[in-house]
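Okay, so here's the structure we're looking at.
Order as written gives the chain letters A, B, C and D; numbering starts at 1 within each chain.
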Amino acid sequence: QSRAETLRYVTGAVVNTLDPTMPGSTREAFAVSLSTYDRLVSFGRKQLNGKWVFDLDTVRGELAESYDVSPDGLKITFHLRKDAKFQDGTPVTAEDVKWSLDRAVTANSLAKAQLLTGSLTSPDQFKVIDPYTFEVTLPKPDKLALPNLATVYPVIFNSKVAKAHATADDPWAQNWLKENTAGSGAFVIETFKPAEQVILKRNDAWNRGPANSQAAFKRLIVQTVPEASTRANLVERGDADIVIDLQPTDAAALEAKGKLKVISTPQYNAISFISFNNKIPPFDNVNVRKAIAYALPYDDMFKAALFGRGFPLYGATWTDGKAPSGGFPIPQPVKLDLAKAKEYLAAAGMPDGFSTTFSFNVGQANVAEPMAALLKESLAKIGIKVEIQKLPDAQMSTLINEKKLPFFTENIVAWLPSMDYFYRNFYIGNIRWNYSSLDNPQITEIAQAARFEQDKAKYEAMGRELNTLNFEIMPQIPIWQASQDAVMAPSIEGYTYQFHRQVDYRDLSRK
Amino acid sequence: MSTATLRHAAFVLRGNPLTAIAAFATGLLVLVALFGPVLVPYDPIASDVAHALEAPSAAHWAGTDQLGRDVFSRLVVAARLDLAIAASAVVLSFALGAVIGSICGYAGGRLDRAVGRFVDVLMAFPLFVLAMAMVAALGNRVENIVIATAIINLPFYIRFARAEVNVRRSAGWVEAARACGDSHLSVVLRFLLPNILPAMAVQISLNLGWAILNAAGLSFIGLGVKPPTPEWGIMVAEGARFISTGKWWLVAFPGLALMLCVLCFNLLGDGLRDILDPRMRT
Amino acid sequence: MSQVALTARRAGRRFLSSLPALLGVLVFTFLLMRVLPGDPAVFFASGPTAGKEEIETIRKQMGLDKPMPEQLGRYLVDVAQGNLGRSLTTGQPVSADLKERLPASLELTFAALFIALLSAVPLGIAAALRPGSVVDHGVRLLCALGVCVPTFVSGLLLIYVFYYLLGYAPDPTGRVDIFTSLPPRATGFLLIDFALAGDFEGWRAAASQLVLPAFTMALFVVAPLARITRAAMLSSLGSDFVRTARSIGLSRWRIIVVYALRNAILPVLTITGIVFSTMLGANVLVEKVFSWPGVASYALDALLASDYAPVQGFVLLMAFIFVLVNLVIDILYGIADPRISVE
Amino acid sequence: MTQSLLRIEDLAVTFSTRRGPVEAVKGIDLDLAPGQTLGIVGESGSGKSVTAFAVTRLLDAAGRITRGRVVFRGEDISRASHKTLQAIHGAAISMIFQNPRAALNPIRTVGLQLADALRAHRTLSDKEAREKALELLKTVLIREPEKRLDAYPHELSGGMCQRVMIAMAIACEPALLIADEPTTGLDVTTQKTVMDLIARITRERQMAVILITHDLGLAAQYCQDVVVMEQGRIVERAPPEMLFRAPQHAYTRRLVAASPTPTSRVEDLVADPEHHVPLPAEPVRVKPPAGTPPLLEVQDLVKRYDGGITAVGGVSFSLAAGESVGLVGESGSGKSTISRMICRLIDQTEGEIVFDGRSIGGIPAREFHRSEFRRQIQIVFQDPHDSLNPRFSAFDAIAHPLRRLDNMSGKALRDRVLDCAEKVGLPAHLLERFPHQLSGGQKARVGIARAISVRPRLLVLDEPTAALDVSVQAVTLQLLERLRREEQLAFLFVSHDLNVVRMMCARSIVLQNGRVVEQGESRRLFEAPESDYTRTLLAAVPHFAGAA
């Protein structure tokens, strides 16, 4: 193949498995799995501010030609494409789908916990009607059941091949699938060097692209290049075709040069926070939290750390102190106001401030470090002495999980970014992602109820209530949604911002 | 130092302009470390986002960084911390290494072999990874960076001291000291140790530079001194991220400072070697 | 010949005597890794919905649910059986990863050492032939300049200049241009494998990829090598036997090469051994900067992720190589210096 | 001397040092006929070696011939080119150096080095070179020459190395051989065989020889003509009989007087009438009452080192208070080991040491520094330079045992140090100097002062003068003798110089391989030795023929 028919994608992250459900698999591994496996359904895409982004609200068929939801919302029936073939040439049947989904909810894998959020928990829910018809039964109508089947985990395996490699210890062939694929995807693995590179070639038989087409590129190279500035050099010199994890400064510079195509999309299913552990004094005091919220130099941080590349979640005005919308996240009515901050601090009984540590992880240093420096400087003005702690990633996640960090910055991502999903997964329970260790019965109750609320207006009202409540309690401070800067050769087309924040290589083509 | 040593030093320096320059520059560096913080034009940690990433100008001689801080002021202020890290790490490993090494070199036998084993274990470690692991385990505070640097230097000092003592331990004056009523320990500490000092001074000087680079390397992978404290290594590591965007001053000036400092120590070490080389004395 | 037998026996003895050091390294690394505050299970259970259960699963997989002494015991037994555990970062057995990546590191280190020796030894000799001259000072300055820049800075600068600005160097993304097809793996050393396969196009691609990182690394070790060469040459040039050689009327070159240099090689050899081992372990940053798929960058990633097995495996490998290199140096030394084999 | 082989005219050599230029050789004239053997004698630093190196143009980079000519076979080679010199070296003039082991390349076999020497001036095939080398080894009387051809220098003894050196020097049949202290550092017995060999070979091949030495006896025995050098100048030239019987120059006289001969007495060593202070008379030794134990009694002393070397294998002797006993033997015979054991610096393996009736052999060397006997047994070491801590001034060195053993300080300490310095004749102004600022003789005095400062009763002297020039040795020996007589010290005097022992000690013990071969009255022992070994030793001592 010629260079033009090859797509070279470079990234700082690594691919560590070919099975996206393997515990510990990386984000880049998800991206590869999108090309090697198909799912029953996938999300559509829409244009937002002139850029293509995924559309949570359109779920379209991938291996399924179509699907029907029963009126009571308890049954989803999938009609499989009859022309879909696995990479070994055998047809994709409902048996394969059943085996794959059984695996997803049974085996010890990432899929299990994810599908749980869509009420998919047991093999009993999956039924083969005929070789090309498949039925899913739900205990309760669940908005997230169908979207869950479009996430990266419920991939459809070639069950015959997989079973052939299953063993008594490993009934779901997890070991084998880690390094091999048995899918029907658009690309076939050519070489896989974990943590180094993956080279894929086109599966010419695949026809799930727009208008039943093949993938545009004949060959696909996914390569790990740890040094961010090298990635910038590579794409600038045209040696790489697309990269999405540049430093904000490089992205800004490349955009300014105008030679390359730079598509910046705020990661609107992700949020960056300044978090407090609401159980550790003095952050158990809402006035302390508010004092800090008014003492952060938001604009400077946004400009210096992010080079303005993102969507700010501060500086809004809520007319009556109530949230204007029920979506999540929405910009908060906070801004730098040291006088107000001092008032809150005084109200908390600590007019002279206190000392604390602020942590971030090494992997995010290029954004978090300037941010932390500005935060430290600004908080010092209201008497809060901050010591900055930079932690290796594993330590940071351990400390967060053990709820030992008082004050830090972190990000979250929701694959299915609905309002209730955010509240349920990031503000409730003793789980890692509940950064603020919030345990508020009111929020818990409304969020749980919202999950199954089918009425759009009621749902919106619930959202508004939650948002208002959240602002009053201020468990943590959302600061922005950083942009995903996709920098690519001018000839590359079709880039879409996806819920998994990776490039779906099937979207891309060369002009 | 006797006058003869001084005279000899002067003689070597005259024949060796590089060492003389290095000695002068080192002196300057120490002065900067001592008085720099009161001389700098700007507060090294005060941000000014409106003037971020400005190229060198009359107002900011070395430009400004991502937060609009004055790079020159940060450079000057960083000298103290960097020299302190290097010096304390080297002094620590030197003190430990020289004593342990001398005792082993003098005693020989089982103790020597046991410590030799231990040194082998340390030497067999990939040292930079060991330093990283230690800093990661203990937390990246200045003390820990110093300790890690000291520990990875330790085996070299032990070996060096051991070898130096070994060649001297059968010298007449060692036996004479014993005949004069000194115990073994006192012979080691009061006779041998002072005598190997000059030879070790060379090692120290070379290691000073190495310690600074080591700290810079740790900074590069994110295990360096805490922000926003100015430190050359971190500044270089951060600046390195801007190479590709053409913000050269962010890496060039701290890099130059680091380079100059390490260069001085190295040249000084070379010069010291000549000053102390007995063959140069007549 | 009994000389060979003697050398072999000495090497064997030395190897045996270094086994305790290896064990020490093993145990020490094991403990050091457990002291790291990070919990690998938590780090790798990073899926958007990772919960307690997932963390427990990974923990069980890694055997972290067992008491520490038992973990150590199991680990030692595993290592004795050649099983170094599994990396969570790559999902592969550590031994396989190391086997895959070691040749890359070795190739780079050898190349760097080659460049370094090739420049350091002549420089050292030139300086020693005229001590105190301009040449001597020049060499000294040159060497000092090499060691005073952190490798990651020199690496990035070289990339910036030779790849980005000038375009002379190929893209710094690993061992060979991604579009070059790899030769069948015989040794893992690309230069050798390409040569064996007779693919000289590929050989050139691999070699040109190697130049910048090797040069970056070499820069850092030229100084100690040149310094030692100079000192050793000075002392052997000033020795009695060189005077003897002059007194019997040998030619100047013969004296320098056969008499002075051959004797000066001995200390250089020792330092080369040390330099080689430290380089292999310390080229973390170079490997990172050049996306070199070597063992050091592998260990670095694992370390930051608190992924125990690869770090332990890496350290063990390095220690083993250290022992091996010492052994080789020892044998070479024994060959080069007949005085050694007695005693 | 019609046709001279080598003629040196007004040769001067200057070294540039950091203290400025130093003229080491200040204009000497010399003449050497073919086949003649010329000795150059003089004290250390008098310029003997520099002269030799200047002639062969092997000087250090720092040294330069500033004046004069060196005419070899009618051609001035003092300014000859590199090429010319290379052709002369080895082929026409060759040299033999002191310390033969260091002078041979340690990592090249003897055969190859010989071949190098041969091929430097002729083209030979490998095989021919090897055959020639073998022949040469045979010429220098090495046993098993075939085997030695593939040996490395470290596998040969010092004497053998020197023979190889000689073989290399004569490989290309040069007309002139310069031997710079060829036997220093070798045993007396080896010295004799090596010198005899040189003499025989050069006579057979009619080579001219310049023999540089500081041993007058050696020069006298082997040379037809001897020149005496002092401070870069030649002060006298004469055939040896003349020179020693009737030395003309004052310096020569001093030198001759200071060289111990089988008949010299300590009293006569220093031939400088002006500075001569007569020694006090030998104190009358009162016979101790019966039953008084001797000061030191050594019984069956054995020392084995790791690796099975038995350095000392059962030595017994005793020593009375105020007595001086000599310990002689060739290198490696165990002399130093015995003295160290007696000083309790190392532990014996077996045997007993009784001091003043009390056993000290049982106190481990490690603990001995706390013993009351520590101050009573002191030692003076061989190399005065090596035995002084380079970081201690002379004052500190002398004061050190006083501080440690007598806890002295302040004025008392100062007085005692000054007192000791005066006793050994060390001017007070030298006390502030460091070892490298003192001359050899001065350093020896510091060492002695240190040893006597705590008023010991037994002084062990381990070759106290071996590293000193004859004239300095003479003064030091006199000093020691005076101290012994005045302070009632007992000496255990270790030396390999039989003449010195005979002079200094009433009784002597001869050691061989760690065992006592013979002991008794020195005079009797050396006049009528009982063992063959003692006889060989005595025969090997060079002597001035017919010296008074």
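Criterion: a contact is a pair of C-beta atoms (placed from the backbone, for glycine too) under 8 Å apart; a residue touches a chain by one contact, two chains touch by 3 or more.
Source: prediction; values computed, not measured.
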- Co-neighbours of chain B and chain C resolve to A, D
- Averaging C-alpha coordinates per chain, one finds the centres of chain A and chain D separated by a number of Å equal to 88
- Task: Averaging only over C-alpha atoms, locate the centres of chain B and chain D and give their separation in whole Å.
- Result: 46
- Query: So, what's the distance in Å between the C-alpha centres of chain B and chain A?
  - Reply: 46
- Note on the structure: Here the gap between chain C and chain D, centre to centre from mean Cα coordinates and rounded to Å, is 51
- Each of the following residues of chain A touches two or more other chains, namely 229-230, 233, 236, 362-363, 392, 395
- Scan chain B for residues touching two or more other chains and write them down. 136, 139, 221-222, 240, 243-244
- Item | Touching pairs among all chains present in the structure | A-B, A-C, B-C, B-D, C-D
- How about chain B: which of its residues touch chain A in the complex? 45-47, 49, 52, 66-68, 136, 139-140, 221-223, 226-228, 238, 240-247
- Query: Contact residues on chain B for chain D in the complex?
  - Reply: 2, 4, 8, 11, 171-173, 175-184, 191, 194-195, 281-282
- Which residues of chain C touch chain A in the complex? 36-40, 42-55, 57-58, 61, 88-92, 97, 100, 156, 159-160, 163-164, 167, 171-174, 178-179, 288-291, 293, 297-298, 301, 303-307
- Note on the structure: In their shared complex, chain B is touched by residues of chain D numbered 17-19, 340, 343, 345, 365-366, 369-370, 374-375, 377-379, 381-383, 386-392, 400-401, 404-405, 434, 436-437, 447, 450-451
- So, in the complex, the side of chain C touching chain D is made of residues 239-241, 243-252, 254, 258-259, 262-263, 266, 336-339, 342
